Amino acid sequence: MKKIAVGILGATGTVGQKLITLLADHPWFTVEEVVASEKSAGKPYGSVVAWRETQEIPKKIKQLEIKKVFDSLASKLLFSSLDATVAAAVESHYVERGHIVISNAQSHRLHSQVPLVIPEVNGTHLQLLHGERSRGFIITNPNCVVMVLALALYPLFKNFGLEKVMVHTMQAVSGAGYPGVASMDILGNVIPHIDGEEEKISREILKLFGTYCDRKIDFAAIKVSALCNRVPVFHGHTLNVAFTTVEKIDSEALVAAWKNFKGLDLPSSPSNIIRYFDDCHRPQPRLDVNFGNGMGITIGNLRPCSILDWKCTILGHNTVRGAAGAAVLNAEHLVANGLHT
Amino acid sequence: MKKIAVGILGATGTVGQKLITLLADHPWFTVEEVVASEKSAGKPYGSVVAWRETQEIPKKIKQLEIKKVFDSLASKLLFSSLDATVAAAVESHYVERGHIVISNAQSHRLHSQVPLVIPEVNGTHLQLLHGERSRGFIITNPNCVVMVLALALYPLFKNFGLEKVMVHTMQAVSGAGYPGVASMDILGNVIPHIDGEEEKISREILKLFGTYCDRKIDFAAIKVSALCNRVPVFHGHTLNVAFTTVEKIDSEALVAAWKNFKGLDLPSSPSNIIRYFDDCHRPQPRLDVNFGNGMGITIGNLRPCSILDWKCTILGHNTVRGAAGAAVLNAEHLVANGLHT
Amino acid sequence: MKKIAVGILGATGTVGQKLITLLADHPWFTVEEVVASEKSAGKPYGSVVAWRETQEIPKKIKQLEIKKVFDSLASKLLFSSLDATVAAAVESHYVERGHIVISNAQSHRLHSQVPLVIPEVNGTHLQLLHGERSRGFIITNPNCVVMVLALALYPLFKNFGLEKVMVHTMQAVSGAGYPGVASMDILGNVIPHIDGEEEKISREILKLFGTYCDRKIDFAAIKVSALCNRVPVFHGHTLNVAFTTVEKIDSEALVAAWKNFKGLDLPSSPSNIIRYFDDCHRPQPRLDVNFGNGMGITIGNLRPCSILDWKCTILGHNTVRGAAGAAVLNAEHLVANGLHT
Amino acid sequence: MKKIAVGILGATGTVGQKLITLLADHPWFTVEEVVASEKSAGKPYGSVVAWRETQEIPKKIKQLEIKKVFDSLASKLLFSSLDATVAAAVESHYVERGHIVISNAQSHRLHSQVPLVIPEVNGTHLQLLHGERSRGFIITNPNCVVMVLALALYPLFKNFGLEKVMVHTMQAVSGAGYPGVASMDILGNVIPHIDGEEEKISREILKLFGTYCDRKIDFAAIKVSALCNRVPVFHGHTLNVAFTTVEKIDSEALVAAWKNFKGLDLPSSPSNIIRYFDDCHRPQPRLDVNFGNGMGITIGNLRPCSILDWKCTILGHNTVRGAAGAAVLNAEHLVANGLHT
């Protein structure tokens, strides 16, 4: 199969770098265009980027001349890891010119006609596109916390129903991009607030767990409350989650639902999405963030809660499964559904 | 006033060192005896202790010859910062010999005849001692998380009643003592479990908020659920707390209750126990752990919760207010009530 | 004595905040003017500053309206903690208008007519000012590493002479200001380079140890080589130093020289400038950075070196003794010499 | 080729776990025996070990019953990652019984008849074994700092000669094993001393660079001085190194020597042992520790030194190249030389 040429909007940022790394040897896609702001345009990617990945820049990408946003692009498929400040305008611009934008930005996530998709969870929400093949469109993945939370809760939601979810986050600094969090703010410290994060969590998960009906998504009815914190961890968001199910079940049923949650037949979907630990000290970001090459999530320390029914710990890789990997998986899902041409 | 001679059981440990530091210039007490395990006994304190305080060892203490546990002691008043493994036996031994033991250990906290006391909260629980002056007895302070939580919640409990409390903790490494948490376990990491901690939190706060009645404490009826984590912070436990009050009130009333909560006229009780921040990024351990010389607590980021009524962030110094300072304050409270002789 | 009114240029930055904290209860000085860039001008200090000190903003300062650089100022004495990018122009502007500028910026440190002064080391370099009382002038303190290094080496230089000094630094993040070092660059990491730092160290120490002669400073002749690193420490620069003395002496003589190095009779000069540890594990930033309220330095682990004569560890507080405190001490030194009016 | 059965002495420790991980899919070796102290003996490996690797325990190893030290063992080839306290006695015991011990312990490194070997550097020192095939013997790898230092300096030593080497280390916590460094000692801190480390560095490198002659190694004559520090980094020792060469050369010649230093044709020897960075901010542990799967080293920031000729930064993985990987490579080297049977 000839690889599909793709472009990356916001290619020099943290998520852009991760996209390039994940796509370096991708079986279906090949990065042909890298797009960034005006000040980098015209220069070879390698001469401009402050590369932060431990893997080296792929040689081909290093030489690519950076195009600037709003330039005309040859690739139909565009990944967008643009900053929230510019994403809305730039993404709309390319959609109008017939491109498919696979976006990690939050701008269009809650737009009624834009699918917010995790293929293993609500891949059928692509119906919003009405089998669209002629025009451009946007497909988005959720916020990094929501991604991890949704993968952990979806098997429970589907099997037993969910009434209430309380999530307390301990989020890694890489989630804020680069330079992002100042070292003087986080070394040996905790910051008990992340702007806009709690609102995103409460809303996006309801759309993800919603039902397609008559050209729109009916949001799920779950009470979700989030308390967000930044901690001195590099990669990996750790969540303490308490929840109430509709159907009352025992812990074995919960763990079984997690263990039975299988991946899709897509290159970036891990065969086992969830690893459950019997060890109450797990998961931990240091040890578990790379489970399933960063595309799986880990869960542990399930125990009864005296207020909601259950409590547990959930961990996922915020820049892989929670951002760049989520976009790549969405692109694979589009291709598998024949929506990319 | 002639200072009251006191001894310290477990004088070489982390909390023992903090006790010595806090008592160095205390207006009422003077440390005359330091007690540790057999292997240190007979040597000068300064030659044995692995001192970790930033303030130097007081000269007098440095020279003191260490006595060993179960040795006969001259001081009636003994502070105990013994390990849980030996505290029960050693403390009971000294009580039987007529000593008053002000204990930071957990062993006797839930014993029906032992007061578990925070002077500003439930100082009247000393009634359990029946004005005891002839025999020995024990008085205890709560676990470090419970201390911080109780100070924040008590003004609400007293004014509006509390139904449910959900607390997520991000606890400093100093709470585990020395050597305690291995650096390989916590550098750039989160550990989502602390042995026995969640159970202590749920129980101790009910005794603290309980009512003395007929020679015992009737526990308060609040549903409390805790989720505990260790984070790479040196000093300062940060709590995300969500709660439901009995009387439904607005945020101004909550903040007013906190601001009106005043300290006692005791040397270690701060005049303002609670500092409330309007800034949603506060409190933070780096900036706020030493509020009121570590004897006050700080609160911020109060906002409505869609599951329980309210959520906020609470911070306190785990080895000062949460341990050594708590014991010193209890000793002052005993003296103020004439129970030390 | 009526306090001397002073202004602070660059009052909202990290060093400016530390200056305000150190001057809050200063016996000689009172901050009357705070000066910052145009975008903060006209607003109350408290409404603009991103305060990072653990002590609260003094009430009076909180209300002060910020003036903008180049505004006319009433205080003759100005502290400057301006960024290197603007310091040269702004400081020169105020000198021309008759102000005395006590600068922490590097811009004028090596100017032949500007004293680079540590009062305990080369206070006599004020002779460069020729008893100047009518015109404005600048007096500077050295770079934060140089300050710590110079205090440690000066007693050796004076008593035994120095030939070669090799210094390897492990520098705290607060040395780079705020936001400064990105957390993604330093969490669990070491950065083996700090722009321009090695050059500053090699040059400034030679001027400090130089001799006033005929209206200029003859630089000292010592070979100095520096290797600079940033490490994940909040406050406190740790130096590994190896050196060769001119006169060959034993370790007792070295330690005696350090112990005999006394402070000046100035409010901010500690009586013991240097604390020497026999413990080879000290000094450590966590334990020792605040020695002498951050105005002293600590030394330990002295041992023979097979290449240069000796090696040891030196530690000092980079934002107190190495920056804001250095400037305050210089101001005190000026006043003690009657040069402030 | 049938795989060679090997045993691991000290299999539950940090280095033992890394050995098991590195040998999991090794083309030549298969772990058949795991040996630990008496308290673990008789139990399945997986039930006893506090596994700290991010990769899971290989299934086969998980089930292996732990043997205790001094038990009779079937594997001729034994890896030893025993603690210094027991290594000497245990290793000698097995040598007397005809085993070949590939040791990471320091006990026998300087013994005149024991090869201290880095295959790429002094593989010919195996001559000390006189082609030994009938009796048991020991072969050792150097200390973790020495390993990194030797790989960086050997190409210079061989091509230009070395006179003096000064090395300042910033060492990761994993170098101290588990539990090793207490978090209270290292969070946000630097410890300027590591017991015995400076002595090991100065001595071992002279043996490594020595010459086999008449059944012993004539040590190299280089002046080496080390200054060792522990820093809050997880994996990766960063070295600031200054050195004087015998032949005076330019920086291009130095870099060329590094770039031309090639690996051996052994499974664990990387084709490029050294990566040199033009970027003066590199190498950094966060970004570069895994170069060559942790078996290569990285160098950067080469610049002239005013005291010794040159200074630069060197980084290597302390538990891979500096310990477990070094032992595996030594075993491969033995096999390639036919000395394992």
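Letters A, B, C and D name the chains as they come in the text, with residue numbers starting at 1 for each one.
Just so it is clear, contacts are C-beta pairs under 8 Å (C-beta built on N, C-alpha and C of every residue); 3 or more make two chains touch, one makes a residue touch a chain.
A quick note: this is a predicted structure, and the numbers were derived from the prediction, not measured.
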| item | value |
| --- | --- |
| Between the pairs C-D and B-C, the one where more C-beta pairs touch | C-D |
| Chain whose Cα centroid lies at the greatest distance from that of chain B | D |
| Rounded Å distance between chain C and chain D, as computed from the means of their C-alpha atoms | 42 |
| Between chain C and chain B, distance of the C-alpha-averaged centres to the nearest whole Å | 40 |
| Multi-partner residues of chain A (at least 2 other chains) | 52, 185, 187-188, 232-234, 286-287 |
| Residues of chain C that touch chain D when the two form their complex | 164, 166, 168, 170, 185, 187-193, 202, 223-225, 227, 229, 231-234, 238, 240, 242, 280-287, 300-301, 305-308, 311, 313 |
| Of all residues in chain A, those that touch chain D in their complex | 52, 54, 187-188, 234, 286-288, 290 |
| Touch list for chain D against partner chain B, complex | 14, 52, 173-174, 178-188, 232-234 |
